[in-house]
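Each of the next two complexes has chain A plus one other chain: chain B in the first, chain C in the second.
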Partner chain A sequence: MIRQVYQNETVLNASRRRISYVFDEYDNIVVSISGGKDSTVLAHLALKEAKKRGRKIGLFFLDEEVVYDSTIKQIEYLMNLFPNNTIKLWYQIEFRLTNATSLKEGQLICWEAGKHKIWMRQKNKESIQHKSWDKEKETVRDKNKGFGFYDVLDNFQNNRPNTAFMVGLRAVESMNRWRAVSKNPGYKKCFWSTKLQNGSAAFYPIYDFNFHDIWKYIYDEGLKYSKIYDYMWKKGTPLNEIRVSSLIHEKSFKALVDLPEFEPKTYDRLLKRIDGISIGSIYGKDRAMLKAQKLPKNYRNWREYRNFLLATYPDADKKTIFEKRYAHQLDNDYVARQQCRQLILNDYENNLPIDNKPDPRMEELEKWREIL
Partner chain B sequence: MIFIGLERSEKQKKLSEYLQNNNIRKVFIISTEKKEYDTGNVEKERLDWSDVIMYKYFYRLLEEIDPKCLIVIDEMMRTQNRSELTYNCAHHYLNQTPHRLIFEYFPFIEQKDDFLILLDFQDKPKYRGKGFEWGMLKEQDIRVKKAEMKFEILPVPISAEEKAEYFQKKETLFAELGSKNPDTIPRNLHVFVGKYKKRNLYSGKIYVARNSRFNMLNVITYKNQSTVSAIIIDFPHRRIDFNDYLKRVTPPMVSFLSTGLPVDNYYAESFRKWLERLEEFYDQASISE
Partner chain C sequence: MMLESNRGKIPAPCMDVVLIPAAKLRANNYNPNNVPKNNMDLLEQSIIDNGFCFPIVTIYDKEVDEYVIIDGFHRYTILTEYLGISTIPVVVLDHDINKRMAATIQFNRARGVHQVELMGDLVQALISQGMSDEDISKHLGMEMEEVYRLKQITGIAELFKNQIYSKAWEMVES
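So, the complex of A and B:
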């Protein structure tokens, strides 16, 4: 079992020590921000260190266009918090995002040229609106999918040698992800980092913060934070589950359910911008629909439902991706339910990986058959 | 201090004694029981299980609870999940003061490991991340009063046709399960065999069943707050519901109408094993009242 071990140092002091170390070791520092609470805290800690040392650091924000207005306000706030110590790296360039709410319009091209009239908002005057790297050296992870979110990150990082990229990753948010990034030290003996190309590394100085450590810091320092947190809190979301996410991809479409209530204007613009938004808003938390937790009544089992979804999948290219993937997986209800979720959410990228194992329910049934 | 097995009046006595011997400014009683405790001249505030996690209490109480406050945790073991948010919030309150009284009638819900929930209330940092060991009972001030209980089975004879009908029903439940939880099969079968017990219900006796399907005045359900010990027609499917029933009834007698069919045997055996675990706990807890 993974568990936290308490030491004789506060997480805040430890993070300050880590940030100071990164400043000692690197001339170029970039902090990734998302407008969420974690990156707000990390950016503030790093900017204070930069101010103390009279240095400038980059604040990198990759603008997905379809985000909350509150997120943009938070980015503007952070970018102008320590103007003398900030290099604004606000990217508003074209790239592709998965749209989990529509099979017809399975991808959104953010900031698509020629569609500026329906963009969620106009571009920021101070943003970077063209790719800042050599297009001939540009890398794309999957050419079938096109230039996506992670391709922007890859090229942005590859173009900045000998740079420390600070990320507000916290271990308790995802132990698996934490284990993946901290398996080997990325820089010298520093295990809270990941090695990147060209002498760069990603660092996670607040990796051991818990959610209440984050909120305490925000409170103590009197920082502003996204209004979405307040809305979610008022709606009764537990403090440890409150998060600001993207609005349309396969892991965050549930945010669409509350969007009309939280930010009606954003919702209105989103409806005009892309297909499937109203579906996401109505069915985002429905167990039988997008979440695929409850079998629709017309099907006897998940395998039957999966076969129907696959047979009627509207995009032939993506259908082949799913068919090839599922051919290697077990054919039981446990696996089929997860496959249904992938098909419904248009997850051809396999971002919601399938737990391919025998159906645990069968064991349970056997047990009861014997006892009863 | 952790007290196991105390009746209401005994708890009140312990609380009064504690207030007499300590300089307490205010008492916070976190309780699943509605009845108020008497704290004399000392100010008191009562919180329900559901109040504990609410923001309107959480932040105010963190500011208000200081080392001169006493927190009474009264029958708060409501789930076996040790990381339950309600428990965590209660730990935050308990961090603010060294004064605490922890009352729980049974030492666990299902398994001895549940006792760690009470140990966490007593000293969370000490037990964080640890599994239960009997030696832990000696590490804290724990007073145990044994809950005496007798268990008997009252056989209900059934015919060969009824037995055949039972097995037919079992097959039907498996065949029609669909995507439902397999645990619903024993629950449904246990209720199903209740019809064979109906002819053995007598008007002069009180019975308890999972629901009100018998439509008889002398058959109550577990939701009924009666304190009279009744004859069991069927067990509730959640152990905690049966524990709640046992806490409130007297005399401490469990008489179960059993058809001898596998499902009744399963429930009877499950309760018998629970009693054995309880006995083992009492044996291991050498410190007693």
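So, the complex of A and C:
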């Protein structure tokens, strides 16, 4: 049996020990950074170990173009913190992102060639601007969707054999993350790792950090962090809900609501860059409009609303994708509400998968019918 | 009166304000705008502090001899219900129903938001000029909690300086 056992040391000491272990085992180390607080802490811990050993490690940032300016400032800060120990792996290449708030422009191709005049900003002089792998061997998870975020990660990793990829995932963030960072040893007996191709593995050295441990470390070390955290806090966001997310993908369009108050210039550039942004900003926190939690009053049930959304969907190709998908699913209100959400959020990629099961409320009703 | 603009002549109804008995004014039945209670209190405070600067915008409904509000319903509520005023400064536009509905939305939507960072700077400036937290709370329409958050400049990490690190845990096979 596997059990979670508390140790007689702090998470900080333990993470230093884990990082030191990875340095012992691997010559090639790459830390993924996002500009967020967790990866800031991990990068700093790893860079200090690199400095102690006189070694160089890669800092990998996959730049989605449509991000907060504060994120970019944070990346620049981290990339230049220990210049003698850092290999800058700042990727600014073309790939596809889903734009959840626009039906017309369902995908954004970030860093799209020929559109440099409306890019959110110019590329960084030291960034990697072309795919660093063999195009013949390039993998794509889903040809219909095209080359996306995870395809960049896949190809980047596959192209780097015998490498330790360090990631700042923490178990307390969610059940999925808890499982990812604490189950099934990926490398030797490390539960906090995942096996990858070609002798590589992913490691999660700060998996047991709690929220306050992250901030305590940032305070103690006097590290900079994204201004967005302070803005959110000043606006009254509860501490444990404060996070820096992507600006336009289907799970985080809420970030657009606050953007005009946080970074008005970023918001203005975004308006020029893509359709649907002001929709996200005005209705991002509205229950009916983008979350599909409240049925619009003109419809008797979610199935009726789903049929309407499907019938009037503006893009014929994507409409077919939805129709095919829904043909295999149950026709009840529980499923239909989720389908409405997919249709409203333009989620033809099925990023918010549908829990296809009988309506739990109907089961309850049946039970009572039997009793009565 | 007309204003000369680079897009032709533009009327300036704000120069033709008239006083109308409050009982003759009526709300429209389509305005989706809702002002939360704390902002109503701020609106009242604003009118007391600055005077009534913006007339209520209306159209005249001949059939019932009433003035229908197309912008300023909440200001009207403050004047009548909060402050007990019985004659109201209004301007009267000559809009049909479509233009009227559009105007309501234009008035509501075409406005700015406050940058969080600059709000913080402003609150700090007021404090350094000797204004108390309570006064800021009252005159800027903020909760005390909001004033406290805006005035602190050290950032979120500072809040955690006295925390102690958690205990590490490992997965162990037994």
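Convention: the second predicted complex is superposed on the first by the 349 of 372 C-alpha atoms of A that agree within 3 Å, B and C clash if a C-alpha of one lies under 4 Å from a C-alpha of the other, contacts with A are read in each partner's own complex, and residues count from 1 in each chain.
We take it that contacts are C-beta pairs under 8 Å (C-beta built on N, C-alpha and C of every residue); 3 or more make two chains touch, one makes a residue touch a chain.
A quick note: this is a predicted structure, and the numbers were derived from the prediction, not measured.
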Partner chain in contact with A:Y225 - chain B first, chain C second, else both or neither: second
First, second, both or neither for A:F191, with chain B first and chain C second: second
Touched partner set for A:R55, first chain B, second chain C, both or neither: neither
Touching partner for A:Y6 - first (chain B), second (chain C), both, neither: both
Which of chain B and chain C A:I242 touches, first, second, both or neither: second
Touched partner set for A:W233, first chain B, second chain C, both or neither: both
Residues of chain A touched, compared between chain B and chain C (which is higher): C
Chain B versus chain C as contact partner of A:H116, first or second or both or neither: neither
First (chain B), second (chain C), both or neither touched by A:R300: first
Contacts of A:R141 with chain B and chain C, given as first, second, both or neither: neither
Chain B and chain C contact sites that coincide on chain A, given as residue numbers: 1, 3, 6, 233
Complex contacts: residues of chain A adjacent to chain C: 1-15, 182-183, 191-192, 208-210, 212-213, 215-216, 218-220, 223, 225, 227, 229-231, 233-236, 239, 242, 260-262, 264
Complex contacts: residues of chain B adjacent to chain A: 53, 55, 85, 125, 128-129, 170, 174, 177-179, 182-183, 185-186, 189, 262-263, 266
List of chain A residues in touch with chain B within their complex: 1, 3, 6, 233, 238, 240, 294-295, 300-302, 333, 361, 364-365, 367-369, 371-372
Partner chain A, residues of chain C touching it in the complex: 113-117, 119-120, 145-146, 149-150, 155-161, 163-174
